[in-house]
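First the structure, which I've put down as structure tokens, then a few questions once you've had a look.
Every chain is named by a letter (A, B, C and D) in the order it is written, and numbering of its residues begins at 1.
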């Protein structure tokens, strides 16, 4: 089976600082791949490069064997990569419904055409409700993100990413800043999404949960691939241990 | 529970009160029946100084006329509105004067673009409009109800050019042109006349009203070394031109326009540097005419400083209206005809020879020179060919 | 009060209302700072004046052409906004205002410092429109502009603009082409400002570069903010209040500008959401929830 | 050439004095402080009054700086600080309102007429290398240098200055690190306003005039400089002031006809921003 997302030798530097040096990665269909590594290893830069926020200096990115290198972020999003952010970026002053609706309507919001001015935003309320229900936020549909706790905002971001009907979901530290009782249900949500056929790539520092959730782990250090493999093997890899202890 | 009423509510109540006051307006009692004349001037905003001069001069005139018994027993009421140096407000104010206050005539103590905007309204409503010192050529284009008591910028510029070529006999000139209608119209007249007299224009630089730093351009002019520097600035800009020229060691003869005709704004700031500059204007401080002497003295007495051109011109604009009403009453068309028939009318700013059919005045242009920080008579340009627009 | 006086104020209020509503599409909906809206007001006015005077085109043809001209140049600013952001953009738009006014002022083609005169009142079926009907026509255009703004806010387009306003990175990640929509917002907002310019030029019949200088931009922004940014009623009521305010303050004569400035300070200080914005106490008072809920706004 | 260079430096120095305060305010509060121009005019008026009464330029400068510090403090404390949580455009509009209010207040108090501010120094002018510098211009150069050095020393050497730097980097982090934000903001406005006051007095002396509208060009043109310098960067602002001063001087000396000086400043700003959207010295965000 071909990988759904294939990244080959991607490099990116900012003003002389080499953030990524030839990183390669493959995400197989229907797997949860955890991307770990010490702070500053380049994980978020990697995410942003794959999602089109940055254009890579070298290397290529393939989504379902289609070369999407250097595409703008919104096109990559429409092609089927949904993502969340390390520091949450909700649309703060509009309701959860409209937050999700933005991504849900991405095929309508694609340019200037008559349907743009057509109203009918309300017609999608049921679908938005379903997406919010997936992450357990249905009851907050008319509230704005500013009124919700961080954990809810993170779940809302997942729901918003799902509204793109993505093939790949990329989560940037979904558990960071959450309490244990928030993490468990969220992990359940992620597991469920995988069962429903989604391929998931996530960055996470919470090693115990990553070990439990992911079928495979990839380790990044100083902008380079260290190794990847099943959690139990990675756990024992001496290079990984040094990388973490060394930092 | 009374705590609920705080600052915010008070503000709202206040706004509401102002609105009511504004809409209701003070309505004048019908008994006294004074003759109402409107005055628009920029009393706030960047041109407030000129607006105040105009207002003070007109108020002084109205006091004098009323003290002398008014016009045929009826007092004059001066309705003063602020146009805030904004053409939109000028239009509104013109409408308000005509419809709200039912003025028999309007006077402009304001700049060109505001006056132009208001002139249109006066013309449409068929109310005479007498313009003090606004120079824009199109002001009188509106029609027969608009008159101007000062000469056009172009004409005054020609007088300046004439003085440069024929009286001062200069060969070369550098021009500093203010980039508005005032400066441009003066400069075009000056250039036309001066070049016609064989004067060579070495440089012509534009600057914006409110400019403060003329050293760069003056440094350039210093190298060109012209016989004359002609500027079309307003008081403060003009004062800075002279001051900075003096600082740079430029000793060239300077010439300005009525834009510099201000004691407080120009002479005080320029100080010694103003010595010897010649300006074209309409107010002769050394005039023997009784009306001019009286105006200069009384203004000085009443307000504590010497008046300037804007005040004098607006004074004349109002005085002409009053004189016309004295003669023919308050009917608009009769006033207009009376204006048109005026010949040899003596005002503060000199004698008006006649009005053109367009409503432009024909009168001499006065040349003043600064000696010991005072404007003195230097000469007069009275060539009719030059002065007819 | 005379009818002509009121129609004059009314027409100016309408013109300002269109300006404030159109700026609100750019700043309120799409969240892009613009302190140079008067430039597009001017472009519309000059375009219409030149088209009708130099080419002899009728008002009804010149008006949409002028709108397009303003919209096209607005789109260029939209392109600039892709690169220059936030407060940098705000100051850049001030600069654009200056540069455009300078073009009017320094080129003889645009009448230079003398401005353009002799612009005519429009005719409809060969009949010259009177002042009263001109006001009605302006009111009609305010209605159209408001309807357009309402349609935008209720549509996918409005949703996309809101998303861009709230967070560009998240909007991109949600599949929205921020670049395209910013340009669209600027183009539409500026095109309506151009229409306001058309109405202004044919109402005043005499325009000078001064009428479109930077302080006018500030006035438009102030109308939008004082009324309530991001809403539709805010800019309309803000324009009504602030355009009428100089006239209402006329009894104060010499202290007019002082109070005008003071009122802006007080309104922004105590009603930063705008007098008619979503959290405004005036609305709550009208809706009957009473001033007690004021306590939540916290002083 | 030498003369033009000097003209440019002097213009740039005056710009720097005003713009530094503006950039400091922006650096801390992220507010486009249009009313800074009102503080500038206020300084000129206070200076004029103090000079008329005492006849001492030093006292006039001190009075102007003190008066404007109070004015700046009041603006900060009662207008800007309560607005920090609002949309960014709200304090801007409040600032515009305040500027209109102050400009009119100066007109009402000082009259609409221009007032001369004549200060005689111990010499009138120096001529060298075919160029002329007046005593006032020398004074401006010295004052600018002193003010900028003082600001530099205070910000880089004192404890409060370090706190200022931390706050300018990131207010929340600075607060978390125990920086007294309120103190820093107050300090910031006092420095910014007193320099603006000194700039006001200097401008008034140089042009021998004080008038209510002398701040109107300043109010927006300084933004071109602050933005060019990179918003919040003090060295950037000083460099940008000199660049604008120079380019205005040379443009009006050699191409005077093309455009007015204000447009030159803004055109330079737009061109540079298109190449470098974060300004000359700004950090990319």
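Going forward, a residue touches a chain if its C-beta (ideal position, glycine included) is under 8 Å from a C-beta of that chain, and two chains touch if they have at least 3 such contacts.
From a predicted model like this one, the values you see are computed outputs, not experimental measurements.
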Touch-network distance, chain A to chain D, counted in steps: 2
Chain separated most widely from chain A, comparing mean CA positions: B
Centre-to-centre distance between chain D and chain B (centres being mean Cα positions), rounded to whole Å: 35
Centre-of-Cα separation between chain D and chain C, whole angstrom: 31
Where chain A and chain C are represented by their mean Cα positions, the distance between them in whole Å: 41
Residue list for chain B, restricted to those that touch at least two other chains: 44-45, 179, 206
Contacts with 2+ other chains: residues of chain C: 105-106, 254, 257, 263, 267
Residues within chain D bordering two or more other chains: 104, 260, 262
Chain pairs that touch, as defined at the top of this document: A-C, B-C, B-D, C-D
Residue numbers on chain C that touch chain B, as the complex places them: 1-5, 8-9, 12, 105-106, 112-115, 117-118, 204-206, 208, 210-211, 246-254, 256-257, 263, 266-267, 270-271, 281-282, 290-292, 294, 299
Chain A-touching residues of chain C, taken from the complex the two chains share: 151-152, 154-157, 159-160, 162-163, 166-167, 169-180, 184
Partner chain C, residues of chain B touching it in the complex: 1, 4-9, 11-12, 15, 18-19, 21-23, 25-26, 43-45, 81-82, 84, 87-89, 91-92, 95-96, 98-100, 113, 116-117, 120-121, 125, 136-138, 141, 179-181, 183-185, 206
Residues of chain C touching chain D in the complex: 27, 33, 80, 83-85, 87-88, 90-92, 94-96, 98-99, 102, 105-106, 214, 218, 221-222, 225-226, 229, 254-255, 257-258, 260-265, 267-269, 272-273
Chain C contact footprint on chain A (complex, rising order): 51-53, 72-75, 77-78, 82-83, 85, 89-94, 98, 101-103, 105-106, 108-112, 115-119, 121, 157, 160-161, 163-164
